[in-house]
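Each structure below appears as structure tokens.
Same chain, two partners: chain A is paired with chain B first, then with chain C.
The block that comes next holds the complex of A and B.
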């Protein structure tokens, strides 16, 4: 057994375990990445991080996208799964349509949303103005609304993917359970709450874990929507790492500090997943 | 059992071998010494991507150089704008890179201040490409090389050079009966011009800005602060360990002047959320009248501008009683030769060719790129730049702070300015942010040795 596992283990160790642990080592240094000279500063980068206002903005934005986006994605995914569960015409087409955004490259999706949110010639502002709702027209990518706007773009992009996962779980529930609920006079909501949700709980938890990890690492969609330089009010943790590591426009090359942010991000992901697993823990239902 | 043991040994050996290969020493691009077939090979990592106008021009010039110098092969990596990011990995892996280019502030942070650049003073005193006497330095406009020099010498060779100023749509201004002098416009004249433009063209915003870029947003305050207080006072405030110098009334006045422009509605609606290059697109389509921008603007908008679109530039307006009215920002895209180059002479020979009238230097100017070369023609779009340079003293970006203390700019200046420029804080909160942020920053950072 061991000999056959060894190559995979070695590769995994070399390309994942070692860099992950080495990142912790690098985060203890002041380093610009251009030379081999690294200055050991202990937990200096972490101390600095705690007093860096941009870090807290990035952390808050990441949390808003993860939680707000998660609520939107799973709320809509359940809503559409309830609709698509029925025998309706074009069911497969609609399912494919909703899945479609995830197939598109993040950069392309970002460009689409940059166009949608453009206040001068974007369709959203044009529509609001055309139907007499000028007062609702906003600076969508301005500091006040950029995170909600980006969260909507994120929901649009990822909802279809989680819809497909949830529908796969729902399809596994024996039809007789729904029929029995219907015969007992249960409403749609009660059927969802007492049959669909408990029966798909394990699938939902896995999907939520996947979403949390994706949300914490989200990068391309936001960068592309705000390319070439995401505004500070729209910084997430990954964008903050990027800005500090390679100096977006102001030439800051702080690879040590950026690595410390990356380590904190890794810690946040692990902590987030652990908390999610803890609060979603319940008895397994078998059928 | 024996077979199993042998299998274990083979797998272990293979794994070790793979690991050893992966962890082995630096691999040079195209050979350990960078030479092949008796030729000297130099490697240039470029900020351009394949297909860009300057890339094509430089590739053609390099091909000619190799024809003239059959003993030298130039390998070019068209790495694009994130060339320096890629360079981080390459240098650590020991890969051969002899020349790199980017904007002077980026090259300085990445290569010069990390002690990886070659000092070029001796080469600058030698004859230019193809010459047997004279100095290479004399090919450049006086002061243009020195503008990017360090205290101990020259590490960067300027290629295309730019100032920043107010770019305007000439038709919009002339239709409104307005004229803009290239230099010496006062702030009152400027605001009068904005007012007239707005009154005569209600559908046009006098000013355009892409609020998504913090390093563009900070132009307005930094220029006004320097105009009013002077460069020394501006820099002193930035380097003040107590941060108290930002609280001088003159800086609040500068912030208030920016806010007055915004309150008067001179910027386009929604500029706070405008993502680059949306404001430029509006400008070339006559939806806005002017932009505070670097002189790379003509090339940036070339493809999207209507054929009949005409533009020009004037220097940032002067302020009454100002102490920094004679200054203009000046910077360049520069080349730097890496210190660990095995063939510095060949690398510099190529640089000399690229900055010679017969190499890329002369052609660049003909193709609309302003260069630092003395005898190169001034592109039609940059006549105003030449006039500004002849009358104003040059300073670095944001008074030089951008390349002296980029970390300060990111962590304090741009952070505070962005909130202010995007209408999230008022002038006095902005000044407090600068003051508190500066004090906090210098409590844990050491000021660098300046030029």
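The block that comes next holds the complex of A and C.
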């Protein structure tokens, strides 16, 4: 048994778990990485974090992308799954096409959206101008609109992934349930609330947990869209860690501080998942 | 809503099905709004991809012109853009690195995760659940958390800025997902298999290697595809751990190119470079999309 488990346990522990624990230690120090001299400052980094306005902006933006993107993704995924349950030609084609963006490299997707949102030669602005809606044309990636613009790109990228998961859940519902609902004259809307949603609840909860975790980790897409980094008003937690560590144009190398933000990010992930599970458990429909 | 266009169920008998087919034109009209929505979403995706492709066949002047225009001289523009990206911008070198690192890390991950997942899913022992949770916990760990400690670790073991170091790192961070996916897969196999092996006097390793592995091939293959897709596109850790140009992977190279393009504004070559990174994912997806989607429900839908 041990030889079966050991290689995977060893590599995973060395590369992933040990650094994660070490991060807690590093986060208690002030360190620029150039010397071995690390100054212990206790919870200094965390105290600094609470008074850093960029932290609160990052936290808010991360929450907006996770919640706003989540509502968009799951709303659309249920909508499209309902459509794809019908007798539609090319079902598989549509499903595959919607799923496709998740397979694309995040930096490539970000680059594509940065082209799309380009105000001087991008297709979005060109389209608005072509149909006479110049007044709606905006600096899409400017400080004001960057988070909504990114959320749209995120929804486009991730929607199909969750659509496929939900559709698999819906496929497991015995067809007689839908038949019965139809016999009783339930509208599609009622059928959704009374059959589809409760019967797919477990799958939906798993999917939402997955989404929450990956939403908080989104990085490539944002970096590539807004290279080298978004304006401060468009920071997310992941960008904030990167920028404080090594990512800025003129890196600041606040390694202890960056790691403390990483620890807080992990805390947010754990807290978010716990809260989500709590909410979804309470609303669980027993029958 | 018209009930004739409602959900069609397998409970319908043959006659009903035939009747439904005869009403096909009516059904088509009833479904028209749905087709419109589906085609609308599809159109956005297809347009974005086609526009990306056409951009790589345009000169810079054309790109700054109308985004709707058809490339004027696609062949010579393509030659110029793709050679600028492939050779001048070193995307060729990055491409080879990406292939080596992705394939290497993927193989190692699957090879060491398969036996672990097998034991965790098929052989009950004390602490099995605990170890399972230990692996699952990795799914929640953000890479941002480990940036600094991981960098220090790789410096200490002398693997910083090497392709081997990045490969090892990818193995480490890919294990949690691979194990979750494979345990789900192994659990779905019938339990008579090991019993038959045990009766025939197979050793534990023999059962795993001669009986389980052959039937687990589809699961291993799915895990392999998933890891390929994830590792191929990984940017953050690659950017952190690699600094020599000759070691960089495609995502890192692409972002570097993005940086230089700020100064020389060769956007057309950027389009070509994005194509170079997107096309392999596209091919993998077109060839294996059904398996990828099936694997997804295996790992997450349980």
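Everything that follows uses one rule, which is that the second predicted complex is superposed on the first by the 268 of 287 C-alpha atoms of A that agree within 3 Å, B and C clash if a C-alpha of one lies under 4 Å from a C-alpha of the other, contacts with A are read in each partner's own complex, and residues count from 1 in each chain.
Here is the rule we go by: a residue touches a chain if its C-beta (ideal position, glycine included) is under 8 Å from a C-beta of that chain, and two chains touch if they have at least 3 such contacts.
Treat the numbers as computed from the prediction; the structure is a model and nothing was measured.
**Q** Per the contact definition in the header, classify A:135: touching chain B only (first), chain C only (second), both, or neither.
**A** neither
**Q** Between chain B (first) and chain C (second), which, if any, makes contact with A:120: first, second, both or neither?
**A** In the superposition, A:120 contacts both chain B and chain C.
**Q** Of chain B and chain C, which one touches more residues of chain A?
**A** More residues of chain A are touched by C.
**Q** According to the stated criteria, A:14 is in contact with first (chain B), second (chain C), both, or neither; which is it?
**A** Both partners, chain B and chain C.
**Q** Where does A:106 make contact in the superposed view: on chain B (first), on chain C (second), on both, or on neither?
**A** A:106 contacts chain C only, not chain B.
**Q** Give one of first, second, both or neither to describe whether A:254 is in contact with chain B, with chain C, with both, or with none.
**A** A:254 sits against chain B, while chain C stays out of touch.
**Q** Considering only the touch criterion stated at the top, classify A:246 as touching first (chain B), second (chain C), both, or neither.
**A** Both partners, chain B and chain C.
**Q** In the overlaid three-chain picture, which partner chain does A:266 touch, first (chain B) or second (chain C), both, or neither?
**A** In the superposition, A:266 contacts chain C only.
**Q** Which parts of chain A are touched by chain B and by chain C alike?
**A** 3-4, 7, 11, 14, 33, 120, 227-228, 245-246, 255
**Q** Can you name the residues of chain A that touch chain B in the complex?
**A** 2-4, 6-7, 10-11, 14, 32-36, 48, 51-54, 114, 117-120, 139-143, 145-146, 225-233, 243-247, 249-255
**Q** Which stretch or stretches of chain B touch chain A in the complex?
**A** Checking each residue of chain B against chain A gives 4, 7-8, 11-12, 14-15, 18-19, 22, 82, 84-85, 87-88, 91-92, 105-106, 108-111, 114-116, 211-215, 268-270, 272-276, 278, 282, 287, 402-403, 406-407, 409-411, 414-415, 418-419, 422, 424, 440, 444.
**Q** Within the complex, which stretch of chain A touches chain C?
**A** 1, 3-5, 7-9, 11-12, 14-20, 22-23, 26, 33, 79-80, 83-88, 94-101, 103-108, 111-112, 115-116, 120-123, 126, 156, 161, 164-165, 168-169, 175-176, 178-179, 182, 187-188, 203, 206-207, 210, 213, 216-217, 219-220, 223-224, 227-228, 237-238, 241-242, 245-246, 255, 258-259, 261-263, 265-266, 269-270, 273
**Q** Which of the residues in chain C come into contact with chain A in the complex?
**A** Listed in rising order, the residues of chain C that touch chain A are 1, 3, 5-11, 20, 27, 31, 34-35, 37-38, 41-42, 44-48, 51-52, 55, 63-68, 112-113, 115-116, 118-120, 123, 125, 131, 134-135, 138-150, 152-153, 168-169, 171-173, 175-176, 179, 204, 208, 229, 232-233, 235-236, 240, 250-251, 254-255, 258-259, 270-271, 274, 277-278, 281-282, 284-285, 289, 292-293, 296-297, 300-301.
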